[in-house]
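We just call them A, B and C in the order they show up, numbering each chain from 1.
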Amino acid sequence: MTAQFDSKGNLRHLLTLEGLSREALLQLLGRAGQIRDAAMGRVKRRGTLARVAVCTLFFEPSTRTRSSFQLAAQRLGADILNFDASTSSIRKGETALDTMRNIEAMGVRGFVVRHPDDQIVERLAEAAGEGTALVNAGDGRNAHPTQGLLDMMTLRQAKGADFSQLKVLIVGDVKHSRVARSDLHALRILGVGQIRVCGPANLLPEDDVLQGCQVGQDFDEMLEGVDALILLRLQRERMEEGLVRSLDDYHARYGLNADRLRRAAPNAAVLHPGPINRGVEITDDVADGPQSWILRQVANGVAVRMAVLETLLT
Amino acid sequence: MTAQFDSKGNLRHLLTLEGLSREALLQLLGRAGQIRDAAMGRVKRRGTLARVAVCTLFFEPSTRTRSSFQLAAQRLGADILNFDASTSSIRKGETALDTMRNIEAMGVRGFVVRHPDDQIVERLAEAAGEGTALVNAGDGRNAHPTQGLLDMMTLRQAKGADFSQLKVLIVGDVKHSRVARSDLHALRILGVGQIRVCGPANLLPEDDVLQGCQVGQDFDEMLEGVDALILLRLQRERMEEGLVRSLDDYHARYGLNADRLRRAAPNAAVLHPGPINRGVEITDDVADGPQSWILRQVANGVAVRMAVLETLLT
Amino acid sequence: MTAQFDSKGNLRHLLTLEGLSREALLQLLGRAGQIRDAAMGRVKRRGTLARVAVCTLFFEPSTRTRSSFQLAAQRLGADILNFDASTSSIRKGETALDTMRNIEAMGVRGFVVRHPDDQIVERLAEAAGEGTALVNAGDGRNAHPTQGLLDMMTLRQAKGADFSQLKVLIVGDVKHSRVARSDLHALRILGVGQIRVCGPANLLPEDDVLQGCQVGQDFDEMLEGVDALILLRLQRERMEEGLVRSLDDYHARYGLNADRLRRAAPNAAVLHPGPINRGVEITDDVADGPQSWILRQVANGVAVRMAVLETLLT
């Protein structure tokens, strides 16, 4: 994807982490870190986007991600327009492109776009006018770059800035996960020591996604000695599609509990993009326990999104 | 409920009016009065909640109550996040507690929560982090404390600050009404002279709710000489449940019209939490007549909610 | 409609363009032009409505029009309340009037109202309290005055301020179109040289709407030498109602393509209120071509709405 860079190679949109330089990625993380530090954990309002209008343009509902972006934009002083494209004229047959161009014509400069398809967000970015910036808030199975960034920010807080010796395990429905794809891109860019991927055979993705990863189906085995785990949400559709036999069966094979967690390195960090299915991907004691970084991921998400919006729009 | 006080006995959340001291209740009313007076009826914007994010977290839809809180928070300068929990990841199986904790992790400090169940809001308050404040915007049949406060504010405007000689009648579906419960708490705390409760037998609540009240089923009789009436909204579900024969029948027995109103004391005040069912609980001439305080209740609602948010969050 | 003027003849609400003086209409256009010029195309934030609360009260969904008004109000510094009256207590049986009065009692001063019926918005305006202003954002088939204004603003940009020599053609479902009615009012007030109206016989309106217009069913014929075309959106309901045989048939007879456009005057301006049905009212090459003013209409819409809100509320 090249639509995200301008002719000088600067970041113009954030569509994917793939192809980002290590330097660009660290700059975004650095800015996010400053934003959080500046207020010792609490993020203060900044006026950097005063007079700028930002639209959350969601072609697929996601109250939580939208809220995170909305709070990020508000704290930068931006005006927010929440445009729910699943209940709008889209349904009257208007194309996604016409919808974006219209809102753009209304003077909106930043778009936070979620779409169920893999390629629409990039096409929107290609068609965007000068001065307009897009942030991909999740498109199909393709990418969810701000989630990838916030996961990296959280890993750095948990394990330090040197990733070269780290072993990180991604567990679950990797096949359908844009989070996993963005995490894999970021982990490779940051030169993580070892990436392991684990899940049922029919939920593992094509080989090119797994390049350079250790892949396995036995969770207990893959857990041995890892420094961090990224659990993926199990979508209930997978059961209806017959890809997962039952939630109980999934939990027995891939659910993280305290016993299993002891196989990982001491003080291994547990991450999950949320919302968590308690008793499916994770037990209560682990989700709410001292090794869980799940709520810190959420907090970091706002800082990361502030950093991205500020970078693209100022 | 003790979750609403901190270790020093200060109000930390507003979950119910039950157990509030007379002094605490009068302080909230006093602040609300100042807010309205300050602008001679019109409430001006204040900056007291600038940089504070407030979330309306509604697990049950209520555009009107949400709007009142939103306008209150806006006028204090807060950033608002409207989180409709009936269309969000809640439906994907996330618990109310996880939803609140997530939004809290995003940096939101104030939560205005509505929930169809009786006990969830208190549990959320118990689980809330330090510095987070909850306002109960109605939970099940349990409580709707800001409605209770705005009713008291309105009664004071109508009848003066000395409640000791007042006779107040609450009419309708008291059994299912959180408004009635909060009003009853407030009227007792303020030492109102006489509380009467009136409604069909199967819409009257348990005895402990009615402690110290004069209770009857004959509206005309109960009306004699009262200084104020609080009519309750008749939910249409009551008919489907067979608790009310028909709207016409209800109106014949418990509908307030100009004739009936003459049985009350001269210039008796008529209150209703809204939205009103015209021709059911009340006739047009009374709803729109000189003894109706219904729209002033709405106006007072914004001032009361500003006072509550400011008290809890500054 | 007289509800829109106060006793001194000043504009108090904007309900329709009918009956507006040429001077009043030009003043609104002038202010909108200043707002756009002030920022050389980009509209800057102004503080003229700081501390004023504006409510978009939509009894019929329209994300796009609501968004345009919301951005306009935000850029004037107003507080916005989006009240979706199709999912609120309206459904519990409350009247539109009670809904408006309630929000008014909450301190909202400006209402942007859309309603599926022809007469409700005017009735709401008649009932509004002193200091409250309404803008009609489209009511039934009756009027959509800000669309009329933005169309005039666009025509002036395209064709200059002297309308006396202009030939303007309105094409499509004029019968059901509030846009057409408001455009016709405005074109007459501005003294346009010639108004032509074209569409299938069963989609042409009553005679009084067409007063002074040249009317025909043959699109090619009516196109000859026009300086500007206003295409109307074809609602898909018209097919279900049997008023249009098929989209293909409609396109063959009334769809604008590059060939047809050559019949018009050189550089004729093409307008459409959106959202466009590509391949029905218009082909891609015309919609996205150099004679299309469609996106500039959208941009002008925000400026016009800012001008209207500022005029009514300051």
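Following the convention adopted for this analysis, contacts are C-beta pairs under 8 Å (C-beta built on N, C-alpha and C of every residue); 3 or more make two chains touch, one makes a residue touch a chain.
Computed from a prediction, not measured in an experiment: that's the story for all the values here.
Annotation of subunit B and subunit C: jointly contacted by A, touch as defined at the top. Looking at which positions face the partner, subunit A and subunit B present mostly different ones, since fewer than half of the interface numbers are shared.
Centre-to-centre separation of subunit A and subunit B, using mean CA positions: 41 Å.
The multi-chain contact residues of subunit B, meaning those touching 2 or more other chains, do not exist; every residue touches at most one other chain.
The touching residues of subunit C, when paired with subunit A in their complex, are 42-45, 61-64, 67-68, 70-71, 74-75, 236, 274-278, 295-296, 298-299, 301-302. Across the interface of their complex, subunit C is touched by residues 50-51, 53, 79, 81, 83-85, 87-89, 92-95, 98-99, 101-103, 105-108 of subunit A.
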